[in-house]
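The first chain written gets the first letter, and so on, giving A, B and C; residue counts start at 1 in each chain.
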């Protein structure tokens, strides 16, 4: 459990909040590149970290990410015209370029001297891995982007699904690092593996993993140890990498297919889930595409939106007969299963963690919260979060593997997981 | 009218409120038995008195009524698995039986000693009359259930409709005890009886009844006296029984068909209406079933829900032509007519009774409010409501009958109405 | 920009607020006459200035405008019966006439003496120009209605569209007096006039008009001066008349077709737009009706409602391809174009004007706000707004015309514009 005060610190992400400040020390996924695919095409709404922004791709291909509202009369620039290297407000024709400079004020009589510096808030961006990344923090502290491998892969080796989820970001992310729940939530009606699931069956044979957790330069190495079936000389290890402040690399039984979950707050009650499937070795083939299409690893979406078909409005389309005969939950897709248990803990969009009762099975969650709270404490005392200045530290992998019991996994670090991969 | 303070006392029903405490001294309808018809079947949401609960029928047929949220990480047990005498949370597999005991903690490593007593809030229940009753109060004060006749009838003599209504519970219940409104709201366009109505036509011939009200052991005997047509030696009596704290037995002209209305708060702005038709003498026959199906006594529902088709979103499907030619309201069903005038008095989901102007026609409402306020005062001073410990007192009937003028109805008590029946 | 305090003064319109009081010194459009077309027909909901009212046309054709809630138990009189010169509550039959007098109390026993004066709040009304006007202020201050020409025209010379708009009334009205925005928001994709538009093309040739603003007895004469094309001896003038407190007469290039916009607050976050097209000279002909039907001057409505089809829920049906090829906005209708930029400035239903950056192009808006603030200051110091007692002053016209440069438009007054017309 957390005190009310500590909980509040972690869940609020607006501009002036402690956690909002921490987020603003890192590059953050702002939108998919495909949302602003065309030069001079339609702008896109970007609501992140409690801010309302608008993105556009200019005539030269640069991405602009601006405050959504024209500084003049505050009309919404989403309705704006994207033309000749700038976004023009349709109300009075004021135009801003990707850097936020006002490059045209056509309704102001010639000769009028403005008393103010006419700019609009613009945030730096770059594109990598099909995502437009943005930095919303103080310019003088702008870091290099993390060197996480997944975002450097070519598009033929990446599949990204963007989903808008109701509920506070933190409760969704907690599911990502919680290896214990996998044995239940994602199991079949008999407690085994779901049909067609890419997860290791060993996860379902031993439902009480033991945690080995190491603080690392990039966040946490979260290793869950289970029995390796009949093999008494080995352990099954499932090692997730939690990358400060919002990403988790999920261990996969086949080293070639990796899931990464990134959680970006829209505001305190809504968050975006970027769910990424990646191969490190080669382009996706037919079999990989079948995994994507099957509906188990990625949920069906409402066409033309970022809304999953299964959502709180329809009880995640729970099928009680399926729950009786084939699935522990009766909910079709793994991310929907997660969404069902994390969207509204205790009946609230923002979890109240003072009412939890935690056990040793929750050690990863406790460690993650502690790490974030320590970072907030550091910032309050004037120390910048060191992870932001260690982009290379993020070059790690997750793993799901059976290993000899005498291997010292507790000593595992970035190098160790790299060596395994 | 009521002062703002007295009004607030009566309308708020959450756990710590005065009226919430009074409700929690009585057995309360929690849901229909049919909502959890199957052993090991799907659990059902139960939102009453501001609490969020979940009900299930276990492998042995017992009803469990639990806090809706797993004490561990607060996931919603509505998504849970109902299996082998317990409800299992799908997040980490924790399992609770109908008594609230935690009977399985499968993700906790063997040998871990929990620092806390692992239970979930469970409330006692019993089934009677097609309803699951629950007691949400202090265990040491648990009373016997009321002996009201209607709930002891076999199912062939009972018809129950459950409806979710927007608006505070009290304003809906006030309609139940208000004999005066019947002469208007439920009349035809010309002020007579509606076509096909089971109500006595004498109610529409004399629109200004005189009240005789007696405080009783179970609540109030509310007798409305009207002229008996041309018969100057008799009165028409319509005697409703108000059963503390939420039920009203409605007088019926034919003694064999009785309506009982029960009002259970969901929260302060929503309440459940259990509307019950009963025969005391024999199973329903074709004619009785025709009354049920006709749409006047029971409104049409949206299939698969507890929502009436006529509701505030569609102005109760008011038909102005019908209002001109056949019905005082132009609204089809008697309960919908009630719902239209009680859902939002003064434009608010919770009535502000300081703005009313009452006359002698409202004496029953005044008496009921006074009785409740007295009970709250008693509890504040440490006296338990005596009605809760008098289950047998609830064995009364309502009546609608023409009687000689010299009969002393003012002396009427439980025995009196029982004698008439 | 405005200070937070001044902004609050202008946007709040409830009964006790400064701006609410100012509105209540003038006759206000309450509803269309056609909403209560029939004697003894269905009553109509009227939500204006934060009050909930109900209107009905009685047996003699008089309009009643009453508090929506019966003083007895506060049931909604919208469900009432309109019969024999009064509106009767369906709950207990209480009946009120158009003056608010209670003319029947049928459920009160004969002989009961009421302790209170049984009336309902009723507001005076009159009908003119297809609109029911109401006066919601202190009876002793009731003014004569304004003598604005448009409302005295016969119905064959008038077309009125009533639209419910989300967003505070003031931001919508600001668009009406802002000649500068017309050159952009209502232009084609190339900055010229939209195809089929009745606006003068000169507005699009000179996008930085110079303001000449005169305070007048009725409000403001707002003259925007532009170049008259190649004619160096003339100016193009577009002179709008702003009529205290909520109406604007829009200049039209052909003097025979005039637009008037009236903005009536429903509450602080919603307002009604009465958009009126009028000819002063003769009944509409086929060509005029074609202008109305074309969809550019009046938007398409959802049938049976006052909701425009293009609204905030659907991004005003913006068509990005249309925006690229034919229209500056990609939004089909001129009022929808306005609605898109004014409904939610800065992401809020009530604009926060402390965050604006104004230039000389906004002089009309500044003058209007100042005029209203001065009136509020006067009222706070006990001076009634003089405009309310000058109905004849409202007899002015707007104009859109090319005039010789040496004409002293700056000296223009009511007489001047009248002379031109």
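Definition applied: contacts are C-beta pairs under 8 Å (C-beta built on N, C-alpha and C of every residue); 3 or more make two chains touch, one makes a residue touch a chain.
Fair warning: this is a prediction, and the values are worked out from it, not measured in the lab.
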Contact distance in steps, from subunit B to subunit C: 1
Turn needed to bring subunit A onto subunit C - CA fit, degrees, nearest 5: 120
Proportion of interface numbers common to subunit A and subunit B (over half same, under half different): different
Interchain centroid distance [CA atoms averaged], subunit A/subunit B, Å: 47
For the subunit B and subunit C complex, residues of the former touching the latter: 174, 180-181, 183-185, 207-208, 210, 315-316, 318, 320, 323, 328-329, 331, 337, 340-342, 344-347, 351-352, 355-362
Subunit B residues touching subunit A - in the complex, by the definition given at the top: 41-42, 52, 68-69, 71-76, 78-79, 81, 90-93, 105-110, 112, 114, 116, 118
